[in-house]
Amino acid sequence: MTDTIGTDALVDWITRFREAVTEKREWLTELDSAIGDADHGANMARGMSAVSEKLGAGAPGTVDELLKSVGMTLVSSVGGASGPLYGTFFLRMGMTAGAVTELDAAGLAAALRAGLEGIVARGKAESGDKTMFDAMSPAVDALDAAIAEGDDLPTAARKAADAAAAGRDATEPLVARKGRASYLGERSAGHLDPGAASTTLLFETLAAAISGSS
Amino acid sequence: MKKLINAPEDVLVESLKGVALAHPELSVDLETHVITRATPKEQGKVAVVSGGGSGHEPLHGGFVGAGMLDAAVAGEVFTSPTPDRVQAATKAVDRGAGVLHIVKNYTGDVLNFEMAAELAQMEGIEVGTVIVDDDVAVQDSLYTAGRRGVGLTVLLEKLVGAAAEEGQDLAAVVDLATRINGQGRSMGMALTSCTVPAAGKPTFDLPDDQMEIGIGIHGEPGRHREPLAPASDIARQLVEPILADLDFAGPAIVMVNGMGATPQIELYLMYAEVAALLEKAGVQIARNLVGNYITSLDMAGCSVTVLKVDDELLRLWDAPVNTPGLRWGA
Amino acid sequence: MKKLINAPEDVLVESLKGVALAHPELSVDLETHVITRATPKEQGKVAVVSGGGSGHEPLHGGFVGAGMLDAAVAGEVFTSPTPDRVQAATKAVDRGAGVLHIVKNYTGDVLNFEMAAELAQMEGIEVGTVIVDDDVAVQDSLYTAGRRGVGLTVLLEKLVGAAAEEGQDLAAVVDLATRINGQGRSMGMALTSCTVPAAGKPTFDLPDDQMEIGIGIHGEPGRHREPLAPASDIARQLVEPILADLDFAGPAIVMVNGMGATPQIELYLMYAEVAALLEKAGVQIARNLVGNYITSLDMAGCSVTVLKVDDELLRLWDAPVNTPGLRWGA
Amino acid sequence: MTDTIGTDALVDWITRFREAVTEKREWLTELDSAIGDADHGANMARGMSAVSEKLGAGAPGTVDELLKSVGMTLVSSVGGASGPLYGTFFLRMGMTAGAVTELDAAGLAAALRAGLEGIVARGKAESGDKTMFDAMSPAVDALDAAIAEGDDLPTAARKAADAAAAGRDATEPLVARKGRASYLGERSAGHLDPGAASTTLLFETLAAAISGSS
């Protein structure tokens, strides 16, 4: 078993993520209706379809070029909070990955960690603020822990996805402190955070791409 | 969804097409969704750029013109425009004296304008930024996204636009903008939700006998929901938190703003209620605006904005302005 | 009923109170509901008076000011004002050169203004009248009440106001008004009914997937009801009957007017559709208005008005106007 | 049996008419919602309450002064189409009645006929236009006919009221040619005319006032 993820698998990840946000578009928007402005589904679907179009014209051969292209496309097609945040995530991932054609488990973990840090640098979210951070941070932590325990990449990615989902579900009772939902004060409690929901899709599709490619 | 539109995804561009056709004094880029003056201001003057999600018209595109904005960047409905577009607008209107970005305090707007400013500065354009955060419905705190930028944005764009037009430099214009933001407050309410075209149904359900107090301008629910009340009571609920937040005794500019679906007959009635409450609190209304200036698509409701002013601000307010949404002396 | 009001029976006076507070340049009589300019025009010039039921704001009160109306008489919501009040307004603004009454063609308005003119003439004031009947949704006939007066009223008040302001005599002003009425046409549609405050519920029920074509400005149902359609189709249904009624090839002023609850983003989108259709038919749009100018309370929908113009009318259009609802050059 | 109607009975008529339009206010407005602008109930209630207030301050002693006062008050308090029309009706009635303190059957019939003609002079309505004329004209005709047949005043007034009601009901299938309802074209058919409905109340209350006073 090759415990790496190459550019093809990364493209597969991006494609699956695009399909997932498109399929769950209405659900994401519904979540954003409850505590935001009812556009998270549209934002993610617009951004990822721009990414697909970009990649369809020819995907770069190295991991850094590929992920930076994804990031730049998101930055320049989404707008809203999620555009710069997801955009920065992929840009930082790419910068950390470097001009390679595949990433091993440690390389992927480092890249994801850099992406997460990029989101924090931009958005200043902390744990419990009820944002995408609350799904992403446990997912990256779980990936690190699984690799440290010696899990193979598919297993580690699966654990990351599960941690993201758990983190997403844990946003429900929270009172938001960042993003639009914070304007609702106490009324933001009792709803899942839309960004945490899309981030869970990001890790679910990563796990699927990795097991599909392993 | 009852709207005068074709496909929901085409609303923005098709509406901008109408703006372009209706206003030969504006240049509208249908690719980047940037609206600029057809005749740019003189070289050597600070340019003023604003933007944000669409659905708040006339804000911002309707405030492009002599004496107010140099460019407005229109994002998708309720979605901040992307950094590359803000940067393109910034570059297009820079007259060598720097550019002020007027940004409403929403995470999306702040992040996208921040990236745009970085991009512009990399190209050697000086960029100053004011982040408007006037909404007293939201508790202010270092640990949250902070207060939203709402009605004050309109007054600020007018006043700062006048200062830039008369040739004040970027530092002065930034100072002025910061000062204005410090002395203005707003509060809004909704009788109905709005419907985002892409969503196709109301953002929130509001029973026939309920209203939302403390809403923003993106169809987000407010701070609390309560039984429908008479205008006098609503006025009190909007004015009191504003007065509690800042001492407004003295001269002020006051705006009673409609959210998009509330007719003038109601806005003027609200203005009478609001003016009476403010006067009782020692506020002297020196100038006013009553109408739809910063809207939330087809939401019914209104907001109140109060800005403390001095002679200097009144002079800038009275300076000529010639835009689709605000016009006098020209 | 979701409205920013107190008691339904107080809506008109409380709203007028707001107008008075917001516009020191106007005089508002809260007893007679007459709005006049605070500074009357010079002696020896024709005065222009209009009025009608309330609920169409900014029409008519929002069009009082230099270059447009001298007085507006506000009736109860959708109810023509009474003759004594129209007569009082007429007397108040007469500057010795006679007064033009601009009357929208509704039985109530026509009868009340007719009685008012009789009363004023008994007091020695010369009164000329133009009855505006531009609505092509209604079949014209000698044996009926004829066509309604709708959107054209706005353009006519501006143009005739300019002529009166520059000193044209009553006969000339009446001729001009009559000529304008002859060469302008309108057509409107509704996405929703409006709710008259005193009635407390929508005037008509319109299912979520239906619209009314050929409505007036009083919440009356239209000529027919049909399934909701895209903006391009609605534009066609409004423009075609206008073009079928009169040859509009050549220069024109075009207005896309909102009925009160339709936001600007939709009105500009409609304007793009309307402008494209008109251009295809050889109409050259020389000037335009896009916005809420003659509304029907909180009705969602729009109307289109086309007025054939020549250089003389364009000159009058471009003349300065300074009113709450329409302002340029001043 | 005194076959006359004096100022007291006329005041009673006006009072009853006021009560009737106030009581039926919502019905009149509903009729006007269907084919007009939803204000006929409010218009009539506002006008007649102004009339009551005026008369409450002291009713004139002669028929002409009384009816002219009613007419002037309606003209200056109602607005809309019904203000000048009902106002003219009472003004003309008063002018025809003259400075008397009571009207006999022929006098009342002549006054009502003059009122009807005043409405036609103002509004140019013809039979079948679907207006108040369609209730009033048959009512006045019926009164004339009953008097010619030798009926006493209460009987004649009763017949007039019945004719008004029949005329009102007959407006239902009509396509309106006058007033706001005419803008609806064919869609105005299938609804009672609101003005014909209020006119029927006018004749119903006249009959009631006359029988109460006879």
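For clarity, chains are labelled A, B, C and D in written order, and residue numbers in each chain start from 1.
Keep in mind that, in the parts below, a residue touches a chain if its C-beta (ideal position, glycine included) is under 8 Å from a C-beta of that chain, and two chains touch if they have at least 3 such contacts.
None of these values were measured; they are calculated from a predicted model.
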* Centroid comparison with chain B (C-alpha atoms), farthest chain -> D
* To do: Between chain A and chain C, tell me the centre distance in angstrom, where each centre is the average of that chain's C-alpha atoms.
  => 55
* Please compute the C-alpha centroid of chain B, do the same for chain C, then give the distance between them in whole Å. => 29
* Centre distance in Å when chain C and chain D are each reduced to the mean of their C-alpha atoms -> 32
* To do: Any chance you could list the residues of chain B touching two or more other chains?
  => 77
* To do: Could you list which residues of chain D touch at least two other chains?
  => none
* Specify the contact topology among the chains shown, as one of line, ring, star, complete or other. => line
* **Partner chain D, residues of chain C touching it in the complex** => 53, 75-85, 106-108, 111-112, 114-115, 135, 137-139, 141, 143-145, 148, 196, 198-199, 203-204, 216, 218-221, 223-224
* To do: Flag every residue of chain D that touches chain C in the complex, lowest number first.
  => 29, 33-39, 42-43, 46, 75-85, 122-123, 177-180, 182-185, 187
* For the complex, which residues does chain B have touching chain C? -> 2-7, 11-12, 14-19, 21-22, 54-55, 57-58, 62, 77, 191-192, 208, 211, 228, 230-232, 234, 260-273, 275, 285, 288, 290, 292, 295, 297-298, 300-302, 327-330
